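In the two assemblies presented below, chain A is common to both, partnered first by chain B and then by chain C.
== the complex of A and B ==
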């Protein structure tokens, strides 16, 4: 305790030098928490959007369905099992039929996926209700803004779509774009045209069939479904987690640079202290301090920089980070498209206790190690020579 | 006497013509088009929306299930090869030095920007295997008297549910064809612009293939040379041949 008090007093007495070191360290600390929070927020935001618009509480996949292998899509459809049909009628699940097709906007060919969904479903949060429109002249179709831009169509336009039925026979018809939805989730937008499930099943000869079945988040313990495999949220969100992890790892270099600047400055201070305070070291030893105690004292002085950095971070960093979390960062459209996961127009960082405490502890440990390294020299000092202030 | 023989001959021909069924006409047309093997050198002219692109290729064809095509021009596409074996199609691109299996979405894409998709090349060319034909009329096309046949699919896994074909009454050559979706919507048309006698057969040497849902003037095929029933070494129809 005496050593801690002494170290604290020495540091405060050093004045501007101490505060400059602590400030540099606090910049690193705030930056790490800020950036990490940004990625955590991005992951949570993407997961939340994906759960709302795509995954619900999990999905049953037809045993041949592989979203990353378009070759499987042609055969990845099957009869909806009876027990799942019951869940569908209770509103606890919603089937989706996926069929490869070609759209012909303005005489161009664009490969698309026709997706059939029950218009009345409430599990996925996007406006499928517009597909109910029986008054529509032609098959009602719902597309996203990205798809609309690619096709060059607007609401009310007709679009010719060609597909192959269950036997491989071509069929074609015009669909009417009843709504262009704005969604942050590219996975329900890019290259996709949503139509009523019953219509798609009839047109393709795949009556009562589905490719995937999305279950409600309220459904606990989804039952086994013959011909389908259940994929839980942990599995479905793996891609987002992996992507966020990769993005986070990419910023480690920035963390290292930021911390290195502050730590080099602390290292320098420590070297300078030992050089300048040799007489003091000798006096302490003469007064009965062991070498270990002197080493602990100087190490504590260095490590306490981290403590001051935490205080400074709390003073200016906390309001800054809280404000950023509240207001969010505006993202340009090009940035949201290039991330390959669902991001909104604003990105809201999230800072957990684990992140803040963990980062502070990490900075403290690293600072302690960096503070200790130059102090080891004290162990080799002779008290008499130290008292004289001689260079060894 | 000569007159009598001529009257009997013409009368027999007329009776034969009157009794021939749609399915028989279709079978004769198929026989006329297919052979054990053939080697074709042809040009494909794609009349795109912005520009016209001309390709030259050589194809080695065995029956209806195997074909190997090598593009000879333009320089950018020279060396590009395609291998079809039954229902599978591989593409070799020399610039990437890679063999790609064309499947899924890619099959639906336009082949070299033409009005043909890759999956069009996988169709069984023997129409009588796939369709029931019925004579629905007679018309003159390219100054040739033709039967107009309506073809309706008799098997399930057929690309076009129905077709309308114009068959030359004398040469049993399909001169025009319309391909329809199950809904009855016209999807593609093909029509012959020129017919020549090559290697002992009447061959449509210039034809246009048009995806009617797509804008543009269609894709023109010009056969420069064709040889029927020539010997083709079997190794041509292998994936290894794509890289050679």
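== the complex of A and C ==
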């Protein structure tokens, strides 16, 4: 305790040098928390969008369904089990039938997925209600802005679509684009045309069948469904988590650079202290301080820079980060498209206690190690030589 | 019983193949309350002797017995603990900590002793009063004159009531007036506390105050005389 008090006094009384080092360290601390918070926010935002627009509270997958293998779609459909039908009628689940198809906009051929969904469903948050349109001349279709851009269509346009029915026979019809929706979730937009479930079931001869069934987030303990496998959110969000993790790892280099700048200045200060304060070290030894106590004192001095950095970070970094979390960062559309996960127009960072405390502890540990390295020299210092001062 | 006793105390420094005898079989003993000084030209071994007695350095040969304990064999930690308890130092360049007040500088040796804040405060103020600096307790070294700084250093040396005070050229950086002032204070403390003072000096003003003068030359005791 005595050594801690002395180290604190020495640092505070060293004045500007201490605060400059602490400021440099605090920049690193704030930047790490800021960047890491950004990725956490990104992950949570993407997960939230995905839950709202794709996953709900989890999905039943037909046992042959593999989202990464389009060839499985030919066979990945089956009768909706009775117990699940009950959930669907109660609004606790919604089935989706997925069929491979080809669209023919302006004479071009574009492979698409036809997705049938119940227009009245409330589980997935996108405007499937537009598919209810009774007065539509043809089959109502809902697409996203990306799909519309790819197809070169606008609302009210007709589009010829061809598919294979349950027997493998090709069939074709015109669908009318009743709505072009704006969504941040590319997975319900790119290459997809949404049509009413009943219509798609009829067109393909897959009556009462589905490829996947999305359950409501309110549904606890989804029951087993014959022919289908339940995939919980942990499983479904794995891809997003992995993607965010990869992106986070890429920023470690930035963290290392940021911390290195601050730590080099602390290391430099420590080396300088050992030389400049050699007489002080000798005097401490003459007064009865053991070498270990002197080493601890000087190491604590260096390590306390992290403590001051935390204070500084709290003073200027906390308001800055809180403001950023409140207002968010505007993302250009091109950026959101390139991220491969659903991002909004603004990205809102999230800083958990674990992130803040963990980063502070990491900075403290690294600072202590960096502070200790030059101080080891004291262990070899003779009191008489230290008392003479100067450079050994 | 002697407070300090050296037996064939020898310190050899090696410069290449050359051996330099900083101390050459020195046999001395000091009784409690002595006010003694080691005099001699530069390089005669005065500071080296103080370093040996203060356990800041180890002899090449011979023994140093302080307070009845053979100190040459102590490891650095034991030596630090021994110094903390029994030995006070006064340096030529004062060696005060610049960021600390006079009070805090004097308090330093007490920080490692098991004393309450009140006890520490009492002892520090007592020591500062002995050197007539109680009124400058809150001044930093940079705000004190050379004489005042050395008086703070003396207060720091005596605050833990050590048995032995080793003063290495304590007046070398002081003018005549301040030197006499500091010497008067040390003589007075020696009277009051009965601590053994050993000086390393070649200052005539200090020599006038000594009750025992030991002359060293080339690491050997050439004269050991009681002064009037």
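What we mean here is this: the second predicted complex is superposed on the first by the 389 of 392 C-alpha atoms of A that agree within 3 Å, B and C clash if a C-alpha of one lies under 4 Å from a C-alpha of the other, contacts with A are read in each partner's own complex, and residues count from 1 in each chain.
Convention: contacts are C-beta pairs under 8 Å (C-beta built on N, C-alpha and C of every residue); 3 or more make two chains touch, one makes a residue touch a chain.
Only a predicted model underlies this, so the values are computations on that prediction, with no experimental measurement involved.
S.K.: In the superposed model built on chain A, check whether chain B and chain C fit or clash.
M.R.: fit
S.K.: Once chain A of both complexes is superposed, is A:100 in touch with chain B (first), chain C (second), both, or neither?
M.R.: first
S.K.: Considering only the touch criterion stated at the top, classify A:382 as touching first (chain B), second (chain C), both, or neither.
M.R.: Second partner only.
S.K.: After the superposition on A, what does A:279 contact: first (chain B), second (chain C), both or neither?
M.R.: So A:279 only meets chain C here.
S.K.: Is A:289 contacted by the first partner chain B, the second partner chain C, both or neither?
M.R.: second
S.K.: Tell me which partner A:9 touches in the superposition: chain B (first), chain C (second), both or neither.
M.R.: So A:9 only meets chain C here.
S.K.: A:108 in the overlay: touching chain B, chain C, both, or neither? Say first, second, both or neither.
M.R.: first
S.K.: Quick check on the superposed pair: does A:246 touch chain B, chain C, both, or neither? Answer first, second, both or neither.
M.R.: So A:246 meets neither chain B nor chain C here.
S.K.: Superposed on chain A, how close does chain B come to chain C by Cα atoms? Whole Å, please.
M.R.: In the combined three-chain model, chain B comes within 73 Å of chain C at the C-alpha level.
S.K.: Residue overlap on chain A between the chain B contact set and the chain C contact set?
M.R.: none
S.K.: Which part of chain A faces chain C closely enough to touch in the complex?
M.R.: Counting only chain A, the residues touching chain C are 2, 6, 9-10, 13-14, 279-280, 282-283, 285-293, 382-384, 387.
S.K.: Tell me, which parts of chain B touch chain A in their complex?
M.R.: Of all residues in chain B, those touching chain A are 49, 103-106, 108-110, 153, 156-161, 179, 181-183, 185, 187, 211, 213-216.
S.K.: Quick check: in the complex, which residue numbers of chain C touch chain A?
M.R.: 51, 54, 56-57, 76-77, 80-81, 83-85, 89, 91, 93, 95, 97, 99-100, 104, 108-109, 111-112, 156
S.K.: Under the definition above, what is the set of chain A residues touching chain B in their complex?
M.R.: The contact residues of chain A facing chain B are 70-71, 73-74, 100, 102, 104, 106-109, 111, 160, 162, 164-165, 167-173.
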